[in-house]
Structure formats: structure tokens, C-alpha cells
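What follows is chain A paired twice: with chain B in the first complex and chain C in the second.
Moving on, here comes the complex of A and B:
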């Protein structure tokens, strides 16, 4: 499941942050202040080495004061002029070739992608969105890293900076221009991708009349038919028709078909339904009860190194308990009030210690409990399918454990809108694994197209950050060096957490200098280095120099992996607006911060040689 | 020419350094200059004498190692000075994928000029530099002369008070050179201040009021062109229709007064004048051999 960390509401994320994190805005200002102070010290040191301490101080002061006043004189018309130039330059540099490559990739994609897959939509969506991400990031990298250096090389920059253009306008204009180009590219790729996925997954079946079995009602009347569809796209569906001949198929490969009678023994099977979904989950908080009945924060480990899920053992008191807030019968307001249910989705990770009964799914139960009154419903059994999203609609009318009829929303939901969902495994010696996001209340699906567009926004955010970094660093170094820098930035961004873990000493093996020693002496990360003077010096260097610098750099690195929302679309979940707003805000922070940095870098360098 | 100082350098020096900060070359040594409003000022010197470095320092493209450069009384690094300044670089460093129209529109926008003003100014300049027929063509299709002309147009887009021209006649044919010089004189008549650098002495002599001669980064001479070129101990007599006897009589007079006759012969025109006369005659009478006197 995609949401492994709690997603904070936008304004809480922006201002106050979570339990162990600062708000985004205060974080931005702290980092900004830190970078500004570092830049001031480095700038003064360089100026002092060139002009002496007094004049160096004067130069530094003037640069900062004039810079701040110039930043306020930014003219939109000049910024737009530079942006237009960047767009024209991109066109001249045949940026459209990227589109050609993209469509070429799509043309040959069907050689490697198969609709005969348990979840073909996940496969197709992951592929097209990942391909789009890499292509767009590549284009962003090439455009941004070579643009300004090329202007320096051809000296066209001379005729620009001798106009009343502020350095910040040159930076911002280029970022905006390339962003527009990338937006256009991404829009075309997004539409192309969506059409490709929908068209590739599209198929139909015919109803196999010879498979029909008549279904009779309680009074022996004709209640419809059961049968199967033809085998197409590598699968067939079971189907159930009512007395009028209308009905739908079972879910296979992540989709169903509606069936409509159009005459005697003639049926029309609809295109696939539910391939691309945008589920809107409401998550609760998970806690556990172990086999002895004691409350625990986590379940037991079955030896998996990934501790994201923990397990409960079957046929014991061990229980996974989710507590949901704000529960009412308005979760799914479509049905009449008396028929409303609580739509739950459950994902179970099954761990077997013996093979059990072949062909028979493990059994589990779901109970609902009022956290105030402790009134608990009778267990509802379910078949556990490993790693499948099981949609379970809990009916409004339930029986309590004392077999009395109770109303789900009136009796099991507390006054403050809370309800507990208890899940147990029934099979002895078998285990169910759960993470917090594995059980959720299912709100009505969002628009798959809108969710797909939001994934494209997350790709856009990554590309804009790459453009901003590329343009900023290219004020200082040549095109190839700028490109290498941005590639390094992206790689560090994707592995930011590992980088932070090294900087904070969470990773084994020490810092960069110690790693060099370990490589040279062939000592693996678990081996304690000998207590020699050299090793002590190396450790000291890492501790007091390398790691603090790494930590400082990590504060400015974006977590590229967290930007990617491709898994939302691939797994069929709606991308929350909070997520989109957070990503766009982070992007804006980078654009502002890097534009200011780029301004000073360009302002303080000699344009001519 | 007014006494208002438009441009000033005070002990301006520039040392080029390598990546490690080691001195590579001292391009300019303690230059003191003043340029007044309305004059055409020439920076003269052989290649590597520091002319272009001076221009780049005045434009803020380079930072001085010592001393200061003031333009309109402000430091050269002040971007605001560029509002009143036009610059034609040695090579017209323009975006070759833009057309002439787009080029001027782009630079006009950089001056934050409103759309209607910009449009009008572009039309005027395109006509002034004679590129009406080529205004929709990309600059990569332009000849050297056309590129210089659009370069000049971009330098004038803001109707600047001060125009800096780096080797303005570089790469131009004699006609283009003459047109450029005429343009400089016309701009001077409009009250513009012009600073140009060149190593083509004739160009500088033709258009400049004052010149500074640089050599190896040092100022060697500074003053009015006519005064600098005046040879004080030589008297020049120019007359028409003198007979041989009269010429002999002049020789005798000079000799009687103990003067030394340097030369007494018929003057020659300049090659530039001869070339231009031939071209004009050829244009007036196409297909016939020019008969220049």
C-alpha cells in the first residue's frame, strides 16, 4: 500500500508539522537562514582574500544590500521575455525529440507488457508513468544544465546583461520558460499514456451459452442464470444474470464486465470496468493484542526484514485493532438511509507455517466495537486472499455477541464518531500480517482521470526542481559539469534517507573516510576497526567534518522518492489533494530559494573573460 | 559638447588570474579617463592593449581589480545604468535562432518597454538599418554586415544616451564601414555620447572628437584628435591651378626664409574615397567601367 507514513493535513504540515517534525514553513526558514549565513561567510572569505578584509567586507555588504533591493525590482515583462527566449531555445534544441522517443517506447511496450496478469492496470500504469518520469527528468536536466553555459560560450549573455536585466530575472525567466516546455511535454505524454493504457487494457468477452446453469429462488422460481464468459485477453469471468438476463461478471485481473440482455440468448458484454480506480481511503490507527491478550503496539515478527507489517497468530486471542474517527452513515450517502453500510477494505498478508487445506483460503473474522461502550458485533467471517484488496461492506443491521440486533452507526459508533475494527485469524499455526494502511474505510471512488493528472503533477514537481537546480548551478560551472552536478543531486535525492542515515550515524560502517579505509583494508561494515592512530583520525574526520557537512547538505536535498505518486495510480488509489499541495509547495520553496541563490551566484561572477 | 561627465574611470586596473588565483596578465594599469556628454570618444590601441577590457569594465561585464569605473556617476556594476546605455559588442552576439523582429522585441522587453512603444521602435530601427526585407528571417541566415546592422539596432532599442561600440567597423566592407561611421556621426548630432574602441586608425580619426591611445594596458596619449594630429613645425599649403613658374617661385620664397621644403606635389585621395567613388559611379552607370578622376 502506498501510504506508509501518515499524511498530515496541508496547513498542519505547513505550519506546525507532526509529532516529531517541524512545520514545512519554519523548516524552510531555518534552512534558508542556514544557507544564507553559510553563503555570507563564504562570500566574505572570498572577497577578503581578493580585496583585503575591509574592502572585502564593503564588497560583501554592497552585494547583499544591492541584491536585496534588486530582488524587489523584478519586472514581470523582463522575466517573461527571458522565459519566451528559453521556450524558443528549447524548440530549437529539438526538445520534441523526447516526445518521439516516448511514443516509440509506447509502440514497442506491448511486446513486453501483458494483459494476462493479475493486475494488468498496475503493470501498464507503472510502466507509462515511470517512463514519463525518466524522460521528463532527462529533458529537464539537459535543458537547464546547458542553457546558460551556452550563452556564456557564445557570449550572447553580453547583450543580455548589458540591458537593465537583474540576474534574478535571468534565473527565474529560464526556470519559468523551461517549466512551460516541460508542462507541455508532460501534458502530451500524460494524455498519450492514459489513452495507451485504456486502449491496451480494453477487451471484451462473449457469453458462453453452453455454460449456463439455471438458478432457482427459495420458492423454486427462476432467479436467473450462472455461467462463464469466453476466454479473452488470457482470462475468463464467472457471471451471474438475473431473471431478465442482466448482471455482471466476477472480478478477474482487477476488473469486471456488465452484461445486458439484448434478445433471446443474446447478450452484450461491456468493456472492462474498474481497471483504473481512484479509491479514497480513510485510515485509522492500528494497535495489536497478542496471543496472551496483552495490548501491544506491534504484532509479532515472522522473520521478514521489512518491519512495515507485523503479524497475529491464528486461533489465539491475537487481534489487530484499527480505530477510526469521524465515522457516520454519510461515508457512502448514495443508498437510502436504512440500507447504508460501512464500506471497508482489507489487505491481508498471509504467512503460512503449514500448507493447510490445498485450494482453501485461510479464514478470518471481522468484528466492530464501540470504543466507549465496548459493545461488539458478532464475528463476520471472510476468506483471506494474500495481498488482495478485499472490499467488505458491513451492513447496517448487525447482531451483537449476545445475538441481539444492533445498528452499526447508532450502537457501534461512539458519541465522538469512533469505531474499532477487530480482525482475527482463525486457522491455527497460520498468520495474518497487517500494517496501519491495510484496513481503511472506503469512501466513494474519486475520478481516475483526475487522480492520474495528480500523478502527472508529482512528476512535474520533480522536473521543476531539477530545472531549478540545473539553471542555478549552471550560473557557476560549464554545461557538462552542471549536468553531472544535477545527476548527483537527483541520485542523492532518491537515496536521501540513506544519505541522512550515514550522516546521523544510523548506518553501519561510518562515514565516507571510514568507508575508504574499509574498502582499502577489505573490512566489511560489521567489523570493528582496529584502534590505531590512522583509524582514529579517520573516524574523527568523519565525525567532526564529513558527517556534519553531509547532514547540512541533506537539509537542502529534496526527497525525490517521496514525490513519486506513481504507486497511487498503479495501486488504484486517489492521490490526496493534501499530498498535491504539499508537493507543489515544496517545489515552490525550491524555486524561490534556488532563484535567490542563482541571483547571487550570477551577480557575483564575471560574465566576460 | 557639454561639461557633464558621463563616464569616468579612476585608477582603473584589471588583472586576469587563473583558476588558482595566480596572476596571468595585467590587462589594464591605472587608467584615468573622463568622457563628456555629446562627444565621440575613441579608445585606440593595438590588439591586447586593453581597449576591450576597458569597455567590459565600464559595462560591468568584468570587475576591476583596483580603482573604479563610473557610468552616469554610478558604479559600473549598477544594473540601473543600463537603462540609458546601448552596447554593440565586437561580434554581434545575438540569438541566431531569432528573427530580426524577434531579436528587437526581446531586447525591447528587457527594457520593460510597453508593447506599442516597442512595436514602433522596432519599425523605426529596422528601417534605419535597412533590414525591412529580412526582418522575418532568422539571424543565422544573415551576412556579417546584416548581423552588424541588427546588432547596432539592438544597441539603440532604448534610444540610449551613451553608446559603447566595440570595434564597430570590424568585418564590414567599405560601404558598411562608411555607413557605420555616418551613423556614428548622426548619433553624435542627436546629442548621444559615444565611446568606441578600434584598432582601425582611419575609422577613429574620421569620427572621434577625442581619443585615448592605450598600449600594453597603459594610457599613452589622451586628447582631441585634431590637436593630437597637428604637426606644429610643418606648414601645409594647398592651392589649385598653380603654374610651374609659380611653384618654383614658392620654392624660392621658402629657401629665402631658410625653410626646408618637405614636398611640393599633387595630393592623392584616400583608398576609401576612391573605392566609394567607384561604387557610386558603378551604381549610377551599371555595366560600364567606372571613370573616376
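Moving on, here comes the complex of A and C:
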């Protein structure tokens, strides 16, 4: 799986952050403070323009102090009452139609999806989860954006505000109510999606008896049979059976089948195995040794536009070295202690400068090294399986380079639980490419259903943020305007990085005003604009006005793309709990911040005073 | 009064509506079985613009296009961007599924099918290391084209591409040995297990024939495709099939039949009437016919005023200045500007062309003027046709392949190839002595075969093929501590003429010199040692270029 950004442990992420980033909590407070100050200044300016500076100051102070005391007096009972109202309102607005649309999409999904593919599970999971995301976000948008404006329009808000309920409770109650509706919808969609994927991928084969060839052992004894299965779901497997008639098939389209003998020339083929997985990787830290033996942070570039991986050259000292922490023989505790191995998974990206021997895989070696004592194991050869996850179990008993027998966990793991994995390419003129996530210690697979549920949580997080934004903005503007605002918020959220790149000048072509000039004059982004007064004015406007505003807005935008964990499920990896907690924490931050903002915005309306 | 007005107005409206309805019905009435429909429906049928005429109507595609609610252009742009991004980030599964969505949004845009099929078969396949994975994406490109043909029935360009992918990508890639085996075993590419389509080259021929039929029978346009290289494709695939089976060790009657079919198709191709770049049709076999016609007409023209050409040349020579005559007779090796000018002037004066002769006859013998002008025009036309055919024959290398098909059917050629194949096998099995003997027998048979076809150019593809055998033979000799420079070996070797012509890399320069010296009774030159500047090891091995 491609992991472009390293996932930090939850508390590190929350408090201290990574190498070049601040902790989430300090970031939240800075942004919160910034927004609060901006709101205070704007509020004071409006009040001062209406009532004069002194009176305006009084009004502002009163609003803030009352607001803070009201927020502290928020009563869960009243919030729940409003939430129930929001749920009833959603039901009245036939939110269940979304479910109908979802099931309609599933009904016709097989028109566009095919099981006759190298990775059908990936295709199906991506499809259903992406469809669920868009549908749920759409429902969240419509529910939240039109709710309060409709109440204002139909005057039903008056029946609410006459009750002893505070403005903050109206906001929070609606957010919670709509969130409950969304949760219900998502739960049904999630279950439906999972059943759809499992049922769509399910198939079986029969064993083709006429394809059998007898396999003989070294002494000429009958060692089993080789053959093929029938062709079903657009593919067939080759199979190998032992002398008792049991065995398994080769991997085709991302799965295998177990075969069991149930009588003479009768076999039972299991349903597909390994379609949906939840691998639990333990990642290490990657560094490189170059061809001259010097230590480097990255390998060499082979000219690929995508710089995710860097490369080591074959038959030179160039090496990729991963350092893993917390290594012990308890990684896979199932086998007896003496038989425990170190389960590694390796993804190699092969780059060739000459054809080599056609049909023959490139060779590499793996060595393990104790980072303290530098004791290193003898190289273990492997065939490079380009762009595939290669599961390699390193046995406990190994030989050192001086051919002494050593114990992997006792001799090669340092006292603080560290071990180094060294990978080399053996073929001259050929290259292996690696990224940090390309080698990991493979813990026993997690539950695919639990992992799937965690993906649904990440969708839920996005929907709750949309609901919060929708409810908050709808306190101030009419329904259609609120909807447009939230659509804009979602679009900017999905392309947040591009937005930030424009704001910080990383993108070519300047800011929004310069863009208009370039479009009008048909000057592409690489063309230097002429040094005219108009162009200077435009650049100045972008530099001193538009870009700072964009930067400030970007600080409050969620990165919707980074919330998506669909890739984990699609690629067969478990969604880490750190990731789930981080997403839920961000969501909570938005709910709190937007509830407070929504409260003050609602207070500006006559009805809520 | 008012109610009457209102009634009258409604009647007028009704009348206008009925009047408008008449042309609408006449124009727009849909067609149905047994009814050609309105004028538009008839025009659509005639121009084959109806969706059903283009190809299959896919409900999924229609649904997707409708579901975009008029934003198809935006959706397509986003999908193209997504596909480019997936390709960049090597996410082949997502890339492929994006292409499928793209195709459903633009099913009748032929360039999409062409471009993305090429992407899959040629660009994505090479990104993978495992040969089976490579073949998987080659096959995906082929299937993508097949889907495209489903939507765009009888489209000659797509059919031609399909023939190319099936033939050349599978049969000419470096991995072609494995690809061809995988192709034969594949159940998706030949779902009905048609034995004639199991071989990739025969399947390629099948698709090319469909492409040709779409032009011949369905009236499809060739568009910008060159007719000379379009119509020769079925024959070329058949020839490639014959070459491929011989490479795989199938000889005898099967190989002979394959070459015979190739020769027949090539002959049919030569006899086909094809559009040319001029305003007339051509047949490649007609080159001689037009040359003879031009000669006959020229004789007729000369007969109108015998000796006129010689007379005109004499007169023209008389008009040359001294300088012009000097440079016309012998242009200096490094002519000055003036000399160049005089030479051009002299050539202009000395050019006694057919129109000039005709004009002179018309002047000298006015009674023959009309006939002379007519003959001159006919001669020019015949020459133009002969020249055009000649250049198109060169484009297709027509003559070479015609002879080659005949040569390969000869018992000597079949035997020669069989011997060479056995030699290769024998060498791989560790029997260099046996391999040497077989190679030598093969060369003897090749000698006999080539003697039967003296018109076969010795520096042609066949020469190149034979050079591969000779190089393999040299390796065998090296194992036996022998070389082509050795007198005994050289005496047994019979293809010296061919070797000399085709040894462009001068790998056998020493052996050739030694052979020539021996033949002329001169002393044999000293043999170049390996590592000499011009020695056999002077080429750089790419793997050696890696710094240590």
C-alpha cells in the first residue's frame, strides 16, 4: 500500500506533532484563537458602526460574556430534545430516499464492475465505499443546509425559541440529531456494501479431473497431482494436491481456494480465500546506503515523475535498510516458541536498464542485523516480485556471515527491541525501488469486518463535519446560499492541498486575480507576465490581499481527501486505531468550534435574542 | 363577438399547428420494421449515422451518459486527469477501471479506444516485470479494442489496430516466445476455441481481413490510412505466421502450406486495385504493363518523324556555349558557382523530352500534330502510372516478399531451416560437433535455394536472417576452438558472397579477408586479436557501463 504520509501515534499527533508540524491540539487553539479574535474584531466593528464606539464595546462585551455563560449552562436534556426534533424532521423530509438511491446504485453496479480482473476486491470495495461517501455527504449537505432556514421561513422556529432553550442548544441539538440520522444511514449502507462485495466476489470451481498429471517425488513415489480447476467467474486456477488429495490452488485474481478430497476423484473446493484482508503492518524507518557505501536518506532516482520510491543499484554495495522497533518473537505467538519466525512483507519495484533473462525474476537478498552489535545474518536470496506483496517468513535459526548458527530473536534483536533489515539487488545494471512502507513486519491479520467498519467511521467523520458546517452557516443565510457555501466548503476540502499551494505560492500561475489576467490574455502559467502597471497591481492584490485570506481560510478547512481510508480496505490493510482516533478528534474539534460559532451567528438573528 | 374571435383564433392556431406538423412528420418520423421512416431517418440510415449502425447500444453506457446530466464533458476531463494521475502513481487497477468508465462516456470517439488501448498494451505492460503480468496488460489493450469495435462496428482503423496489436505486440515483442504460448492458451481472446484463431498471427490476419472487408464490402472510408500499407496486412500476418512456426520448429508440409498461403495472399494484394496519391487507381503488378505501354507509345511517336530525337539533340548541342559544353561533358569535382550555372543551363538545353519532341513534330509536320500531342500525353500518363506503382512497390517491398514466399516454399529452404533449427537444439543439448555439421548442411541447402532465385537481393531481410544463423554457427565453432578463418572450415562454408554483403558490423571481416586472400592465392592476413581496436569485443555491453 502506498503510504505517502507517515501516520503518527495518536498522542504524539495530538500534542507534539511530527518533524515539521505542530501538534493537533496547539494547532486547534491557535486557529480557534485566530477565528475568535477575528470574530471579535468584526463583531465590534459592526456594533460600533450601529451604536457608536463605546456602546458598541458594551454590546460586544455583553454578547461575549452572555454567550460564554450560556454555553456553560448548556443542558444535555434540552440538546437531546432538539436532537429528537431534528431526527423527526429528517424522517419527515424522507431521508430514507437516500437508501433507495444507494440500493439502486448497488443493483446496477455490476454493469460497471467486473470480477474478471487482477484485483476485483479492490475495485468493488473502492466503488461501494466511494459511492457511500458521496451519498452520505450529499444527504448531510441537504439536511443541514435547509433545516434552520426552513424553520425561519415557515416560522416554526418561533415555537422552538419560546421554549426555555438556548441558541447554542439549538445548534448542538441539530448537529447531534442529524449526526444520528447519518449514522443510521451509514450503518445500513455499510452492512449493505459489505454483503454486496462478499456476495459479488463469491464463487467456486470444480476440479477438472482430465487435467490431472501425477507428480512424483525424488524416489519416484507418488507425491500428488497437478491440474487445473474449471473456469468460473472468468478465470481458472492451477492446483497442486498432495498424496491424500488435499491441497490448494495458485493465486489468480487476488485469491486462492483450498481443496479437500471427499472420496475417490471427488473434491470439495472452498469459497475464495484472501479476497478481503486486513493486514496489520508494523512499519520501520527506511534509510539507504549508496553504491559507494555512503549513508543516504534516499536512494537514486530513475527518472520517474512520481518520487514516492527511490532506487538502489544491483551488484553494488547499495542497500535499503529498515530499522524496526519493538521486535520480539511475540509478533506471531501461535507457533511453538522454537518455531517462531519473523514474518516480513516486502514490495519491490523493479527497474531494468536491460532485459536480462526474459521470464526470469531478478534476484535480491535479505539480511538481518543487530543495530547494536552489528551481528549480521547470512544473505537470504529471494526472487523479486515486482509490485506485489511478497510474504517472507525469516526462520528463527539463521547463520551469521561467519556461518555460526544464531537465533534471530536473541542475537539479531538489540536489547531495546530493534532490528535492521537490509535488502540488496544482485543483478548488475538492474535496480530495486523502495519506499518506507514497502517493508513491514506482518502481524496476524485483523478482522476485515472491523477494518471495514473503521472505514465507515472515516466516512462518518466527513459527514459530521459537513453537518456541522451546514447547520452553522444556515443560522445566517438562506437554504440555497447555505447549500452553495457547504458545497464550496466540500470542494475546497477535497482540494485543500491545491488551495494551500496557491495561497503559499507553491503553484505556478499566481493567485486568483493573476489567473483572471492569464485566462483573459491566454498566457499559460509558465509565461512571465509583462512588467505593466496593471499586472503589478494584480500581483500586488494577490500577494497582499487574496493569498493571505486564502491562507487564513485554509487553516480552517478540513482535508477531506486525507480523511478517506477507503484505500486501506481496498488494498487489504487494517485501518489503524491511531488513524480512527485522529479523525474522530478532528471531527470533535470542528463540532465544538462550529457550535460556538453557530451560537453567536444565531444570536445575531432577531428571533434568538 | 368576443367568443367568436376567440374561437376563430383557436382555429387559426390549430390550422398552423397542423401545417407545421406535416413537415415535422415528413422529416422526423422514426423508422420501424418495414417502414423507412421520415426523411431524416432515411438520411441517417443511408449515411449509417444511426446509433444502431455505429455498433452495439449499451444500456450501461447510455445510463452513465444520461446520469451526467449534460456534464459529460466535465466528467470526461476529470476522468482523463484521473487516468493520467493513476498512471503516474502506478495504480494500474484504478487506471484500468477509469479507462472503462471513460470508454462508456465516449463510446463513439474512436481516438479514445485507440489511444487508451495503446496505453494498456504498450505503456502499462512494460511497467511490469513479470512476463505473465505484462501479457495480462497486452491482453487488456486487445480486449479494450475489441470492446471499442463492439461500439464502432466495421471501423477500419480500430480493426487495423486490433490486427496490429494481436500480431505485432504479441508476436514481435522481446517476450514473443512466451506471449505466443500464453496467447494460444488464453480463453478470453478466443472464447469459441476456434483453432484458426489460436495463433496470434492468424488471429491478426483475421482482424486485418475484417478491416479490409469493412472498406471493400461495407463502404467504410480509409480516411488518412495509406492503402498500400493497409491492404497488405493480411498477407503480412500470414507470412509472419509462417516465419513464427518455423522459428518454433514446425517445418515440412505445415510450413510449406503457410508460405504458400502467404504467397497467394501477397499475389492477391498485388492484383488488388487500390487508390493512389494521383487521381487513378493502381495495381502493384501493373508496373511492367505500364512500362511496356510507354515504350510502345514512344515507338509510335518516333515513327511519326524518324530520327527526330537525335536531330534535336544535335541541334541542342550546337546551341551550347563553350563553357556550357565543357561542364556538360565533364563537371569538375568541385564546381564553381558559374560552372554550376552553366551545367544547369546545359542540362536544360539538352533535355529532349517527349512533349518537346511532340511539339517539334507538330511544327515540322503539322499534319501529325494532333496525333503527336495525343501520343505525348499518353506516354506521360503511362510513365506517371509506372512511377507511382514503382514507388508503392518499394513502400511494400513487394518484389522481395513475392520472391521470398516462393523461395521459402522450396524443399531446399524448408530443409535448410529445419537443419538450422536442429543445430540450435543440438547445441543447447551440449553437442557442438553435431550442431556444426547441421549448420553446414543448412548452409549448403541455403546455397542451393538461393541459386534457384538469383533475383532475390542478397542484402535483404533473408540475408539478415541468414546472418543470425551464421553468427550462431560462429559461436558453435568457437566452442570447438575453430573459426571461419580456418581454411578447413572456410572450404566447407558456402555462403561467402552473402556473408560479405551482409556483414555490416564487420564481425567476420577477418574471415572474409582470409577467404579472399586464399582464393586469390595471396598470403592470409594476420588475425585480429580480441581487444584490438576493431576487434570483436570493441562494442560496449550496456551492463558494463555501470560504474563500479
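Convention: the second predicted complex is superposed on the first by the 594 of 609 C-alpha atoms of A that agree within 3 Å, B and C clash if a C-alpha of one lies under 4 Å from a C-alpha of the other, contacts with A are read in each partner's own complex, and residues count from 1 in each chain.
Assume a contact is a pair of C-beta atoms (placed from the backbone, for glycine too) under 8 Å apart; a residue touches a chain by one contact, two chains touch by 3 or more.
As the structure is a prediction and not an experimental result, all values here were calculated from the model.
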Checklist line | chain C versus chain B on the shared chain A, clash or fit after superposition | finding: fit
Margin query: By the touch definition at the top of the document, which applies to A:111: first (chain B), second (chain C), both, or neither?
Written below: second
Notebook entry, point to check: For A:163, is the partner it touches chain B (first), chain C (second), both, or none of the two (neither)?
Noted result: first
Checklist line | First (chain B), second (chain C), both or neither touched by A:92 | finding: first
Notebook entry, point to check: Given the touch rule stated above, what does A:385 touch, chain B (first), chain C (second), both, or neither?
Noted result: second
Margin query: Looking at A:78 after the superposition, I want to know if it touches chain B, chain C, both of them or none. Which is it: first, second, both, neither?
Written below: first
Next item on the list: Look at A:352 in the shared chain and tell me whether it touches chain B only, chain C only, both, or neither; answer first, second, both or neither.
Entry: second
Next item on the list: Using the superposition on chain A described above, determine whether A:528 touches chain B (first), chain C (second), both, or neither.
Entry: neither
Check: Hey, in the superposed model, what angle do you get at chain A between chain B and chain C, Cα centres, nearest 10 degrees?
Finding: 120
Next item on the list: Using the superposition on chain A described above, determine whether A:306 touches chain B (first), chain C (second), both, or neither.
Entry: second
Note to self: Nearest approach of chain B to chain C by C-alpha atoms in the superposition, in Å, rounded to an integer.
What the structure shows: 32
Notebook entry, point to check: Where on chain A do chain B and chain C both make contact?
Noted result: none
Margin query: Quick check on the complex: what are the chain B residues that touch chain A?
Written below: 16, 21, 56, 59-63, 78-80, 82-83, 85, 87, 89, 91, 93-95, 97-98, 102, 106-107, 109-112, 151, 154, 158
Notebook entry, point to check: Mind pulling up the chain C residues that touch chain A in the complex?
Noted result: 59-60, 63-64, 88-94, 96-97, 100-101, 104, 128-131, 133, 136, 174-175, 177-178, 187-188, 542-543, 545-548
Notebook entry, point to check: What does chain A use to touch chain B in their complex?
Noted result: 49, 66, 70, 75, 77-78, 80-81, 84-85, 88-89, 92, 154-166, 606-609
Note to self: Could you list, by residue number, the parts of chain A that touch chain C in their complex?
What the structure shows: 2, 108, 111-112, 116-119, 122-123, 126, 231, 234, 236, 291, 305-306, 308, 313, 315-316, 349-350, 352-355, 358-359, 361-362, 384-387, 428-429
